[in-house]
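Single-structure report; data block below.
Should a chain be cited, it is by its letter among A, B, C and D, assigned in written order, with residues numbered from 1 in that chain.
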Amino acid sequence: MARSRVNRQQDEESSAVERYLGQVLQHCGEDTSGHLARDLPAPGSTDPALHALALATSDGDEYGAGDDDQLFTLQSISKPLVYALAIDDVGLDRINRVVGQEPSGEAFNELSLEGGTGRPLNPMINAGAIVIHQLLDDHGYGPEQGGPQDSSRTENTRRRTARLLEGLSAFAGRRLQVDWELAEAGYRQDYRNLAIANMLKTHQVLAFDPQEAVRGYSDQCSVLVTVQDIARMAATLANNGLHPQTGQRVVSEHAARQTLSVMATCGMYDGSGRWLAQIGIPAKSGVSGGIMGVLPGRLGLASFAPRLDEEGNSVQGVEMFQRLSRDLGLHLMASERRAVTETLEDLPQQNV
Amino acid sequence: MARSRVNRQQDEESSAVERYLGQVLQHCGEDTSGHLARDLPAPGSTDPALHALALATSDGDEYGAGDDDQLFTLQSISKPLVYALAIDDVGLDRINRVVGQEPSGEAFNELSLEGGTGRPLNPMINAGAIVIHQLLDDHGYGPEQGGPQDSSRTENTRRRTARLLEGLSAFAGRRLQVDWELAEAGYRQDYRNLAIANMLKTHQVLAFDPQEAVRGYSDQCSVLVTVQDIARMAATLANNGLHPQTGQRVVSEHAARQTLSVMATCGMYDGSGRWLAQIGIPAKSGVSGGIMGVLPGRLGLASFAPRLDEEGNSVQGVEMFQRLSRDLGLHLMASERRAVTETLEDLPQQNV
Amino acid sequence: MARSRVNRQQDEESSAVERYLGQVLQHCGEDTSGHLARDLPAPGSTDPALHALALATSDGDEYGAGDDDQLFTLQSISKPLVYALAIDDVGLDRINRVVGQEPSGEAFNELSLEGGTGRPLNPMINAGAIVIHQLLDDHGYGPEQGGPQDSSRTENTRRRTARLLEGLSAFAGRRLQVDWELAEAGYRQDYRNLAIANMLKTHQVLAFDPQEAVRGYSDQCSVLVTVQDIARMAATLANNGLHPQTGQRVVSEHAARQTLSVMATCGMYDGSGRWLAQIGIPAKSGVSGGIMGVLPGRLGLASFAPRLDEEGNSVQGVEMFQRLSRDLGLHLMASERRAVTETLEDLPQQNV
Amino acid sequence: MARSRVNRQQDEESSAVERYLGQVLQHCGEDTSGHLARDLPAPGSTDPALHALALATSDGDEYGAGDDDQLFTLQSISKPLVYALAIDDVGLDRINRVVGQEPSGEAFNELSLEGGTGRPLNPMINAGAIVIHQLLDDHGYGPEQGGPQDSSRTENTRRRTARLLEGLSAFAGRRLQVDWELAEAGYRQDYRNLAIANMLKTHQVLAFDPQEAVRGYSDQCSVLVTVQDIARMAATLANNGLHPQTGQRVVSEHAARQTLSVMATCGMYDGSGRWLAQIGIPAKSGVSGGIMGVLPGRLGLASFAPRLDEEGNSVQGVEMFQRLSRDLGLHLMASERRAVTETLEDLPQQNV
């Protein structure tokens, strides 16, 4: 965690914050319940001892603890990020015609498609994310920028992967890579997403070929990141789409706001209501063990620990978010909103 | 709108704000679409020409425009308020055992009870509100404080009505009344709520008699308020449960935060996701034509206009909230949060 | 079982048939699994040792074994019988407008009302039976024929009860009685049916008052019968509505055929498909422990044994029907249909 | 319709019966409502003027009228036939573990999979038929018997197609062919069945590859038949699995009975209850315009007319079945069951 980085606080305050994060990490690390994701032979996701925590402010500061340079795959955390990119690419009106923005409620209806129209209920479930993926505007991207040429990837797939890699890299503030081998292997047994994509095709909410959609979405899920990357991505959303460190406008203010709203109501699947009430931080988790949280106007948070609970969320990650929300007063519905810097300045004096 | 009130701004700024509210009211009043609620012969709800708007800050200022002293019935706007009271009365753990906190998603399952347990999915739907009503702790309240003695109201009903009248009055900062006649008449034909209450009883999530529950809930819905009352109630939630004008702690910070979270994800029924994305203000509407909105730490908003859209929300009310959110930058997910006073100070200069 | 009866076979063949039925009864009686119905303090339904079997042919013969003169309440077995009466009273077209004729499939939707219209899916579920009950044409019946005058029974209720008592008595070929005390007690705690009736009222498929509907339906369920009665009722349906012994036309051929069809597809709730495949006899069971089966053109069957399985069907009753179907070749889909008399004549020679 | 055939009645009676069928055909042919199946460029299914009717008794007689030598594709009519074959191939117990036998009720859940297990609710819906197809025992069949070798058909597919072609040909009493080109073309755009097969795979109720399953099922649907073939297939089921003309035991009595039961409760999708009540003949329709009906112990019926109603059933076919059921007294629940020969003998005297 002692890498140099843009704007990294090297002074005493920084040490204090990272010491606090380390304490949270250690405390929550004692819970060894949960299980590793089945069928995910991905970097980081097979070693239950790994764990990391990172925080990036909308002012450009960042802090990390634990295995914060460990790469793992983005998985569902990609959903809100690509949703934001697509809003700018094709406009929210066009997106709303094919993907809703309502929580899916009970999970009994496995596909969560709206009755009648077949629209996925929101972009945070797989059905919605697959449609969003195909909406990305890949004009101006060459297939050669989108990874290796193999039988299962069409030119369209490669161009779209090139487009989303650029966008996700801008969110992270550094050039990201895809685990191509994992993407290819994952796709072949992804019966559930193939079922979803084919069903979407019958409802005409998917423009192109269903297999191509799943193949491309597999690339999207296999982008490699660290918790530091995710914290910066989250901070960019917190900062209305403007990267706090690079200064790049990654997505529009409008796209950032829409994305955070949908994360708040739909980000944690069937447990979205409970999460917002208990923790109060719009968030999205991934099956690889990561969680991304955004407090608008203030900061981005990221945790990583691969053991999952029954709902597929990182056991230690959920605990770390609970702890941080409480300690740092990060609840979205709290009436008092101290500047993050003030909160963090107090930390060294706190009895954590 | 020229009544004296605690902390009412009588100066130039106040005039400017109220002028702005009046302009919004007038502009949105031009939309005469929608229909009056069927079978609601209640004060305020039968005259389509009525409309009002009010804003109360968490600092204790308040502003109004239009028919802001018109009484109308609270209806579903009572749900979040009584939920907050019940959290303090019996504790969130006990409540969570019988009422969930998740959006109900699709409306196909008319009762929105959780499969297996029969728990209502959240306290913002009728099923949840009926259970919450019966959980109120009425110890220390006499039946004589709870309105007239008639055949359909048991002693329990009257005691619970006494308890909620006290709580709702504290939220408003003044003593509220019930339209007893309406409450009695409404109850008799409330087949839908009788169906719900009886079904809840079969699942053993309702402690007492189903008819008694519906009768009591009818009192709760028939509490008479003005938009000014609702704006103050909302400002109390925005101010973490402390009344900005009376200084009374109406509900705990914990209860206020939980309530606002549930309003954010479940407050506008099936359209909760869209509402949060577009308008960004946790809110609750009532069939009498009112809408209550809360921006945590900042302000409470209330609109009243009795013509409803297909989803049962006030047509003009929805438009007024859209306008206010955009003009005043009130979106919960906006990164920049100016103090309300600054925002309001700018208003006179704005070209509204 | 040695009571005199119309057309009772007193000869050798009769003895042989009743000996066979006795053997089936004894054999199946060894299964003491299952549980008594909760909250049903009704005649016959509280003694797990009771059991009986009866068979009546469409030619007018009848045979019994075990406690075949034990009275018990009709419960859901009344549903197809009253459906048939209502078809003749008001016509199938009018009935189809408010009650469907399709199986309800999965039980997740607790009310099994058709989306949009609120029509109960079929008359074999409670929702459907409650609507059918209120459709009965009670003109020409005086309240004084419909049982005691007490506070919960309106004049309408009593007239309708008079009408259905006449119809059910015609089916049985003798004057039946209601257990008035049970009917009154059952109604008071029947939260589920009150929920259903109120929900039906919101959809305007119920003409009169919901409470009145449940109260009347409680009378219908509390009619007292023996297995012999049910076997004769079933034989009347098997004989296209003409009573095989009294010669009375109880219902029209059209009503009998429609009723048997609906019993075949919907009679055994969620297990209707399995029942028809395995046993092949259109049937209806009641929570008091009875099962009525009809083989069109051939015979009526009735079993009684109060211990129920998880689905609410009599454990021993299901076994007896399986045994009889196999031994006597009673499957509706069997290509060979021997006359019942031939089949029964063979019995003495069979090694049962 | 003047081809020589086994056991064909060439006498006066035969002429009278065929004259009657011709009258029914002509009468019902006047209804030109409905639409041709979309995306089905199959033999017979693109010419709205075609129509035919056939009847085969369980005694071996057969009669036809109209275009009764027109080939068309079997489509969903294959479902009950292949279900019967699979029961004998692997046993009903094994089948019941992966495919239910209950009606699917409302169509809102597009896949009609049982909650929890993912079992298709019955073998008459696509999900169930796809699972049944893969259960066929293809031992002893070489791929060379199963049609052309092309890229989308695995060896398994070809062996299974060989097995079902043998079975279906035995039902028909003549060697049937597949429209290979149609089978291949249909498969490529069959997004719905690909969705279903992939979803089944996630629930582990499908043994082999999802694409292979859909490809094989496409062969099954593309078997070419005439109404005469279907009438003989139906007569074989009516005659407990024994072919009335060839004398071959095509399926066991047990398999025939189980299949007819499932046709009775599930054969006509959401309208199965209404069909059984109105027409009283267990049946299965196909999107190519055919309907197969079976009256156990008596006869098989087949109609063909390609214009479909909203539910996908042949408009004229439904009318012809209504007419035949009424004229010939074919309702399964009728108490009187005259021998078919008697019924048919009366026809010449009837005023049709």
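Assume a contact is a pair of C-beta atoms (placed from the backbone, for glycine too) under 8 Å apart; a residue touches a chain by one contact, two chains touch by 3 or more.
What you see is a predicted model; the values in this text were computed from it and never measured.
Peer 1: Quick check on the contact network: minimum steps from subunit A to subunit C?
Peer 2: Shortest path length, in steps: 2.
Peer 1: Just how far, in Å, is the C-alpha centre of subunit D from the one of subunit C?
Peer 2: The separation of the two C-alpha centroids amounts to 34 Å.
Peer 1: So, what's the distance in Å between the C-alpha centres of subunit C and subunit B?
Peer 2: 50
Peer 1: Among all residues of subunit A, which ones touch two or more of the remaining chains?
Peer 2: In subunit A, the residues touching two or more other chains are 108-109, 115.
Peer 1: When you draw the chains as points and link the ones that touch, which shape shows up: line, ring, star, complete, or other?
Peer 2: Basically the chains close up into a ring.
Peer 1: Under the stated touch criterion, can you name all the chain pairs that qualify?
Peer 2: Inter-chain contacts occur between A-B, A-D, B-C, C-D.
Peer 1: In the complex formed with subunit C, which residues of subunit D make contact?
Peer 2: It is residues 58, 100-106, 108-109, 114-115, 121-122, 238-240, 253, 256-258, 260-262, 264-266, 270-274, 276-277, 280, 282, 296-297, 331-337 of subunit D that touch subunit C.
Peer 1: Could you pull out which subunit C residues touch subunit B in their complex?
Peer 2: Touch residues, subunit C against subunit B: 108-111, 113, 115, 191-192, 194-199, 201-202, 210.
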